[in-house]
Every structure is written in structure tokens, then in C-alpha cells.
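The same chain A turns up in both complexes below, where it pairs with chain B and then with chain C.
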Partner chain A sequence: MSSLLPLVRNETMKVWKKKRFFVVILVLLVLIPVFTYAQMKIALNNRDKFDDWRLQLQQKITDYQNQLSSERIPEEWKQYRRIAVQQLQYYLDHDVNPDSPNAVTFSRGFVEAAITMFIPLLVLAVASDLVSGERSTGTIKMLLTRPVRRWKILLSKLIALTLYVSLTLLATVVLSYLIAGIFFGYGGWTLPVFTGFVIHGSDVDSSAVHAVPQWFYLFMVTGLSWLSAMTIACLALMVSVLVRSTAASIVTMMAAIIAGSILTNMASSWHTAKYIFSVNLDLTNYLAGSPPPIEGMSLLFSVCVLAVWAVAAIIVSFSVFTKQDMLN
Partner chain B sequence: MAFAAKQPIGSNVAAPVDSGISSSEVVLSVQAVTKKIRGRSIIRGISFDIGAGEIFGFLGPNGSGKTTTIRMLVDLIRPTSGEIYICGHQVQREPEEALRHVGCIVENPEMYSYLTGWENLEHFARMQEGIDAARIAEVVEIVGMDNRIHDKVKTYSLGMRQRLGIAQALLGRPKLLILDEPTNGLDPKGIKELREFIRTLAEQGMSLFISSHLLSEIQLMCDRVAIISKGELLAVGSVEELLSQRGAYVIWQFDNREAGVRILRELEHVSIVPEQEQHIDESVLALLPGAVITSMPQERIADTVERLTRSGIGITAVQKVAPTLEELFITMTEGDVVE
Partner chain C sequence: MNRGNALWRLIGITALLTTIVFICGFGFAMNDILNPRQAPSLSDIDTTDHAYVKDDVIHITALGDSLTKGTGDSTGEGYVKQTIKLMEGKYDKPVQLLNNLAINGMRADQLVQKLKSDKGYRLAVSEADIVLLTIGGNDLFRFARGGNAADEQDSNTAVESDAKDNAQPESRAEEQISLEEVKMNMDKGADLLRRTLELLNDLNPDARIVYVGLYNPFYDIPELRDGSLQVQDWNRSAYDVIHQHPNMMLVPTSDLFEENISRYISSDHFHPNHEGYAAIAQRIVQAID
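Right after this comes the complex of A and B.
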């Protein structure tokens, strides 16, 4: 009966007035300068040591190769190194600096680094108390006794959440670009970035490699981060429906995400772990051509796993929320 | 700040009707509703109807199932069996149609504390069609909150939150207003104002469902009451009906108490009520030292007085005392409170 738009407006307004998004912006405003400063230190350091980035790259390749001949380094690490060496060599052969310091490279790197933990954390700041917050304060009683079907209320919350997830990513990219630009200059949009490395065991097949302008690469990275972030958002919404307290809801989600990132680093021999959502969050990894945490994972595989988790979370959220007895 | 009860509540409400139930349409109908939670019966089959313009009191001690019942009325909880109709619409099957006729406060009036009162009302106005800013301003005036409405709710006192809750409940021009313990957090003056306000709403045709454990409140403002205990309705009826079920007491005072009691004992139509069965306000008894409490038909008072006088017994006072609802309630729910 009543249309969805006013409901979405309500939910958006509530998140805004709760100042959750301000917290997100504030965290970004504090952290980005910290990382920018660290990045600048590295750049200055490199400039002191090397006159030419090619020398620096060459040095890095030599370092990796030395590590490969060391006996104390585990085989798994060596595999990463071998692949990295081949990729760096590719950049060197094509005379492209993969680490050229500029604002766009920084934004790209920041989003890539933030996709597994930092962005999910920011998403949780908005998502975790969408439903549980209304239950713990009791406002759910007012909300659900209005003549609106429950599924519409939850859908409006989901739409508002999608909006804030998108805004969070946009803010991450824009703020990191603006802040990094102060130190590194605002260029770097058209810099070529190589993508399409195909990994077979420890060999890199570079036949499909092509250069894309960095702005396009940043766009892809942001898009993939959005997929990861939306999966987290859907799961957080589900937990928020199932759990009455906001604290419990945040802790549950954080535990799942952190467990995933730990597993990513140690589970290469446990193959079924690849179906866990939090092991699949690092989608940008595939673009850069890094080896997957567990063999058999690919971009398509990870996107599918995330989609299945997100859809399941939405189904659970809606079926529980529409039938649940609101006892308090 | 006072409830500006003289204001018309809304153009949509039905024309004023008599507050009796027989003549009016049924606004709320509860039919054989039960609720089990984790195998425990919380509500064991309750039924009652509320007519238009009626003030219906819902009495019960804490834990008797009052709030569970209210939650079922407004679709927060699904009954295990039985049906609830509001204005002819089954609440669980057609929540949108049924709930548009209801305004309610379940337990405390919990509003978004980080929004202002006005923003809260706007929020709830958007959830229902046909409520514009003018209507919001109207309900704000009705509950007399004009000067604080743009402050954040977290700065409000409990009394003000109660008013804001009522404003929210009135927004959609409901036919049924459900108030759960509405006198909580109000001072005696506020309670008196609320009582008058509720009367005015009922006069304009709105039905009110008011739960309370404060029986004196219900007694003063309700036309009919239902008494619930352990999930069952003990009685439903008009306040007078319920009180007359119990019968009034006749209290005697004599110059010679023993002689008076002796005569009364001889009379068949008089029974002296033993102390443990008396349900009379203790403050009333305190003013009547040596009173003999009896239960007898009122029409026999005159000849009983004559009989006593003939026997040379000096009667210093005879009076009729109605048991209060509270006393009635204690009789009916005996044991429940101790649990």
C-alpha cells in the first residue's frame, strides 16, 4: 500500500542522524593521512637510495631471487616470490613503474589493502545495529505497529544500507585521492597498469596480460570492493536481525571476518575453506595477478561464493524478520 | 503544559456515540486467543470485544499476560491460535488494513532519542498515507508540546515522552487507541489531565484500550474492564456490574457492640463478614472503630434498624460501603500476587 520511498527516506535519515556515517568519514580522515605519510616516507627513502625507479625495481627482483635460493624460506612463500618476480620483470620489460607515487596509485593501493578488513569494519559501523539497535532501544515496537508490512521495512533498511555502503566506498576513494594528492600530486590517471596475469602453479602466463589506464583499474578495484562490502553488509544485516544486542552483532561479524583473514594465510591445504565467505573477500587480488589463497579459487569462483552467501543472508533475514515474535 | 483536550482529535473519527457497548460497532474483537512460548501457555484463550467510543480497561498484575496480549493486538506477536479483528480486518492476515486504525504505545513510549520530537513524528507520518505537516502540528498541539517539539527526545522527561508517544499514536486518526500503563511516569496532576484527555477522545468516538495494574486508575476512567490473571480472563464487564457482583457491605456501629452483634447473628438475612474475608479500604475502616461489617440485601436495612432499636440497642451509624475494584481484584486473583 504505502510506497517504499518514504520508508527508505526514514531509514537513511536515521542512519544519518545517528551520525554513523560521520564516524566513517572521521575514521577515514584520521587514517588516510597516516598511511599517506608512511607512503611518503617510503617514497623519500627510495629516492635517496635510487636515482632511477628501474634500479629500485631491479634491486627488488634480485632480493626476491636471493630469497628463493634460501633454504629457510617455506615453499609456499617461495611460490609467491616466484610469481612476483615474473610480474615485476614484466613491468620492467615494458618500462612501466608499478609503484610510481601519485594520488591515483595511492587510492588504488589503499582500496586494495582495505578490502579485507578496513572497509568491512566501516560497513559494520552502519550495518550492525540497523535492526538490533531498534530492538535494544525498543523503537522496533513503534516501527512494526504502523500499517506497513514487515518485509517492506526490512527492504527499506537494506536499500538504505546499500546506499551507505556505496557512499563509504566513494568516500574512501575520494578522500584518499584528495589527501594523497597533497603529497604526491593529483596525477596518475592514465598510467598503464597490467592486468590479466594467469597463474599456473608457480608460473605466470602473461599471454593475456594487457595494460589498462589506471583510472579504469581504480574503477574495477572499487567495483570489486563494493561487491565484497555488500556481502558483508547483507551478512551483518542478517546477524542484526538474529541477535538482539548490537554489541553481540558487531562481535559476531568481526570474528567471522578476522577468522577469514587468518584462514587466508594458513589454509592453503584445507580446500573446503574456500567456500567460507571471508576467505573470498580479497577480490582485487585476482586483478593484480597474485596467487589465490587456496588453489582452485578464481575471480568468478569468489564472486559466486560471495553472491551465494549474500543471497542466503538476505533470505534468512527476511524469513526470520517477517515471522519473528517481538517479545522485547 | 497540558493536554489540550478541547481540540477536535481528527476529522476522520466517527461521530460521538453513547459509551455503552450494545449500540455501537465493534472496533476490536479478540476471539479465543492463545499464545504458547516455548511450550508454556502465556495466554490461555481470551475473548472480548470493544465497541466504538468505549474506554476498556485491561487489568492484571505484572506477569499476568497484559503486555503479551497487547503485543498480539498490534501484530508484534502472532497468537498460537484464535483470531483478532480490528475494524473487521484480521490483524495477522491483513496487518496494513488493520493497523491503520490503531494507534498504540506498547510498554514505554520509546522514540528515537537522537531525533527531535518533530522528526520522530515526521518519521512515523511517512509510514502512513494522508498525514501532512498540518496534521503533525495538530497532534503536537493536542498533547501540548508546542514549545519543546524541536528538542531532541533524549532531553525529554518521562512525562514528555509519554505525550510524544500519544501524539504519535494519534497521528493516523485511529479508531482504536491502545495505551499500555499510560499513567507511568506521570505526576498526580498529569494523571488527572490524562484521564480527562482520554474521556474527551472517547466522547469523539475513539475507542480506548488501557492496561494497568493501578486499579484505581481504571476504575475512574473506564466504562468496562477485563481482569486478567495467569493468562486467563477472570471477568469482563462494566465497572458497576463487577462491583455489584461482589455486593456492597453494610457497616454498623453500636453503642454496645456485643449486644448489637448478638442481635445481628439472630437475623437470617444478615451475615457478618469475618475479618479475613473483608475487602474494604483500610483507611475507611480506620475511621470506623468497632465497626461490624455485614453483607445483606440493601432493602432490609430499614427493618433491621427497627429490629435493633426495638431490642434497645443504640445505633450510632449505619453505612453502605462498596468494595473497590482493587478489593474485588484481590479476591479474584488471590495467590497470584504472592507468586
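Right after this comes the complex of A and C.
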């Protein structure tokens, strides 16, 4: 155990010196203002049209109800709408604005929206060349000729990766809070958010609904995102062990993630798709009480699927890394 | 080396702490979803201040069925937006639509329910200076189309399934509309209309309430021309209530859709088209002083 810490330190500092994390920060610094600006445009537009958020919310409910009456809209969409109508009505009945513009709401929304694509992408920036990068530069020889067991080397890489996943999420939350605060103000920590909607078919059971302060909700949202991001990190590590070139490893992972998000939108009739990891990434959905992309999915199910994929990826990485002839 | 050490400590400790926080967050989230009742709850909800509307603007709330929604108008304006445009020209004052809460296929009983219990509806009405309202068409013609099944479902799905009936009114109308049934449901509908108007009056006694009267969309079909009698009966019973309240008015439309029916009716042969709505809007603006 004592020999592991220096290894972790070595790996962590290597990633730091490769400036991968700076790329992550830079991407966030560019994109968050863009989203903030878009969000502000929406808020301004709403303020023009509606003096009172209640009227705006009621209009939204009415619009959804009118969509329900349209013949053109597919049944699955209607299901979403029906559920959304009941949830929005709950907010309206309890006099709580579900999208009051402030920095905490923005951060929460940003993490919720980023969990399926954007955060995995940022994780890949760090994870994809952990092993394959060392192969293409040849430094892996130096690493493996040291008198350290191979599994310890990979474990140290995995730990360093975990640290960077956490840092990436932290940076996402902190930067979106700081940047959005400039436009919306830094308040909103104690605003109530409802959670605990239970969905049966197209009906929402609100008997278990309770309000939590928004900071606590954000805390839970980031916790769930962290698990999604860690699954991606483990898989990316595996691909990085298996594939020699960094580019190939990024493309492989991106393809899997994008395929998942496409499937989420269209595969509600293909039930086995729910065992694919990338369909299960959107864990925050369960917190908000949105219907799952495929029937039969629940939080526990998704967490188990992600865990199985992550554990399998770790097993494959370790068995390949310790046995494979790495030096060629 | 020393600097590297400090940096490593900073990164390592921050990342470790963050990791622990995230794992806790994940645990709380799991707990919250899996055992929703045990989660910490917020007893006192801080609500944002009530934003009262400004006075120098005329506020309009529109309620009712597909006519208020503007179904059939290819520009999407309906009579509500055209009324607002005309009013802006007439009064030289900003006119703002607070809400158009019309839902396709809405019936008077559903509207009564909404006005009784739905906070959003009540708020929109209570903050309005003018309430524009169409209701009753679906009560009269729905019963005629023989659909009572929707009654047992909850209001959302009832609105929806009823609107499905609306989708092909022209084909169904000719088969199924029987004037006896229209007649039969007249009393029930008129009573609901009375309750609707009284509820509106209770919610906002200061608002001007404009009820747009019914017309017979089947005037040009000889067998159904007598439907106009029922329509007029309906409008008459609406007026019974309306004339008791000085702040309410009935804007008749049935004459517009007699000789000009081909010009004013949309292709579904039930709703007005853009010009039909324009004619209604003109009527409304003429009637409001």
C-alpha cells in the first residue's frame, strides 16, 4: 500500500503536466457563457411576455395540453407531456417556480443536461490516452521496467483518473455557478425543488413528493453525475488499454456514447437496449421524476447496469494490462 | 520538487474531498429516490414575491375551446391575437395577453372544474382587465356526436379524447348530429355556462367579460340548417345570465357564418379561418367601448 501513493502522485502529476485538465477548463470557460447567454435570452423573452411566472407556467401547461390533443404527436411524446403537465401543475399548486432564473438553477440544469454527452466527453479528454498515450510516446517501457507490479501501475492510473473525474465535475459546477451568477445573481440555494414523483404509466403519483432545498438537490444531481462519469472513465480506461492509438480510443468511446443518446430517443420499443450503458447515463432523470427512456428502467436498474459495465471494464483492463505484451 | 509537492497535495486533497462529497451526494440521491419518504424535507417553503401587473396596460386573458385557441386559422392568430392588435390601434395603449388558456375540445364542465380548482386559471382571470371566452360548442355538438364515454376519465385525457373527436368533424357531423340530442343537452350546457360566468364574476368582478356567441357551422347543409335554432337558443340562454351583469357582454357571431359561411369557415368545416376570426375580432372591438 505504501508504494501505491507515490505511483498515484506520479500519474496525477503526469496528467496535470500534459495539460489535459486545462483543456477541460478551457472548454467549460467557452461553453458555459454561451449557454448562460442563451438561457438569459429565454428569461428576457419570458419577462417580456409574462409579468408573472405563474401565468407563464400556466401557459406552458395549456400548451402541453393542446399538444396532447394533436393527432400528429406520437404516443410516447404524449406520455412525456402528460407527466410533465401533472408535475408542472404540482409546482403551480404549491406556488413554486420550477425554473426561476438564478445561478444555482442554472448549474443544476447544466449538470442535468451535460450528464449524457458533455461530461463524458470531458472525462474522455483525460481518460482516453492514459495508457494508449504512453504507448504511442513509448514511455510505457520506462514505466513497466520499474520494479513495480503491473496491476499497481494500472490501479494508480485508475485512482488518478477518479481524482480527475471528481475535479472535472467540480469545475463544471463551480464554473457554471460563477459564470451564471454574473447574469442571474448568485442566489437560489434555498429555493425548494420537488422530488419523489413516482410514475405509473402516464400517471404521476405525487404522494411521495417532497421539497428539498436546491443546494441539496444540486448535491444529489452531482453525485449521480459522478457515478455516470466514473462508468465512462472505467470504460475509457479499458478502451485505452485495448487500443493502441489515442484517437482510436476517443472515437470508440464517443461512438458508444452518441449511439446511446440516439437510442434513448428512439428505442423505447426495443427493450433490450436498456442493458447498454450509454442508455443508462441519465441518472438525474430519476431524481426529476421524468419517465425513463425505456419502460422497466429504474434508478436501481440503471445503477446496476452502469456498475456491471464499469466492473467488467476494470476486470478486462487489469487482465489485459497484466498479461499483454506491452512493449511492442 | 517542493513546489511539485505542494501542487500534488492541493490537487490530491481537493480531488479526494470532492470525490467523497460526490459519493455522499450519490448516496443521498439513491436514498431519496428509493425511500422518498425518509428524505429530509423542507418545512417552510420560501416563495417568491407576487409580481403584480402594471396598470397602464390592458391585460387580456382568453379562456375556452378551440375557437379561442385559434384552430383553423392558418396564421395561428385566431380571434384573440387579432382582437389585441385591433385594440392596440383603437386605444393607443399597450394591450397584453396574459394567457391564452384555451384547450382544443374543452367543454363547459371542464372549464368550471378548472376555474374552481386550478390556481393558474384563477390567477390569470383575477389579473385580467378583459376576459375573452368561448365555450359551449363542444357541449352542444359533442353530445350530439354521442360521446359520453369521456366523462368518466380525468379532465386531461377527457380533453384529449374529445379533441380527437374533433379531428374529423365534417365527416362525423353529417352522420351523427341529430338535432334532438342537441336540444336535450341544451339545458345541461346552459346551466354549466351560467356557472362558468358566475365563477368568472366571483374571481374578478372588475374585469370585462366578453362571451363570444355560438354559430352554426353546418348552416349550408340543408338538413342541419335547423341547428341554428338550437344555437340561437343557446345564445339566448347565455344572454339570460350575461344581461344580469353589467360587466359582461355577448358578442354574436351566428350571422357572420350564414351567407358568408364559405368565406369564413376553414377547411375542417367547423372552425373559422383567418378571415372568420378577423370578423369575430372586429365585432369584439366594436362592442367594447
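Basically, the second predicted complex is superposed on the first by the 325 of 328 C-alpha atoms of A that agree within 3 Å, B and C clash if a C-alpha of one lies under 4 Å from a C-alpha of the other, contacts with A are read in each partner's own complex, and residues count from 1 in each chain.
Note that contacts are C-beta pairs under 8 Å (C-beta built on N, C-alpha and C of every residue); 3 or more make two chains touch, one makes a residue touch a chain.
Quick caveat, the model's predicted, so the values are computed rather than measured.
Three-chain overlay on chain A, with chain B and chain C fitting side by side and no clash. In the superposition on chain A, contact of A:147 is made with chain B only, not with chain C. Contacts of A:137 after superposition on the shared chain: chain B is touched, whereas chain C is not. Using the contact criterion defined above for the overlaid structures, shared-chain residue A:195 touches chain C, although it does not reach chain B.
Judged by the touch definition given at the top, the superposed model places A:30 against neither chain B nor chain C.
When chain B and chain C are set side by side, the one touching more residues of chain A is C. When the shared chain is aligned, chain B and chain C each come close enough to touch A:9. Rounded to the nearest 10, the superposed model shows the Cα centres of chain B and chain C diverging by 160 degrees about the centre of chain A. Of the two partner chains placed around the shared chain by superposition, chain B is the only one that A:18 touches, whereas chain C remains out of contact.
Nearest C-alpha atoms belonging to chain B and chain C sit 9 Å apart in the superposition, given in whole angstrom.
Comparing which residues of chain A touch chain B with which touch chain C, the overlap comprises 9, 13. Residue ranges on chain A touching chain C, taken from their complex, read 8-9, 12-13, 16, 50-55, 57-59, 61-62, 65-66, 68-71, 78, 82, 85-86, 89, 92-97, 100, 162-167, 169-170, 190-192, 195-196, 198, 208-213, 216, 219-227, 283, 286-287, 299-300, 303. Listed in rising order, the residues of chain A touching chain B in the complex are 1-2, 6-7, 9-10, 13-14, 17-19, 137-139, 141-149, 323, 325-327. Interface of chain C with chain A (complex): residues 4, 7-8, 11-12, 14-16, 18-19, 21-30, 32-34, 36-37, 39-42, 45-48, 50-54, 69, 96, 98-105, 118-121, 123-124, 127, 156-157, 159-160, 162-164, 166-167. Considering their complex, residues 37, 71, 74-78, 95-100, 102, 104, 106-108, 110-115, 119, 123-124, 126-129, 168, 172 of chain B touch chain A.
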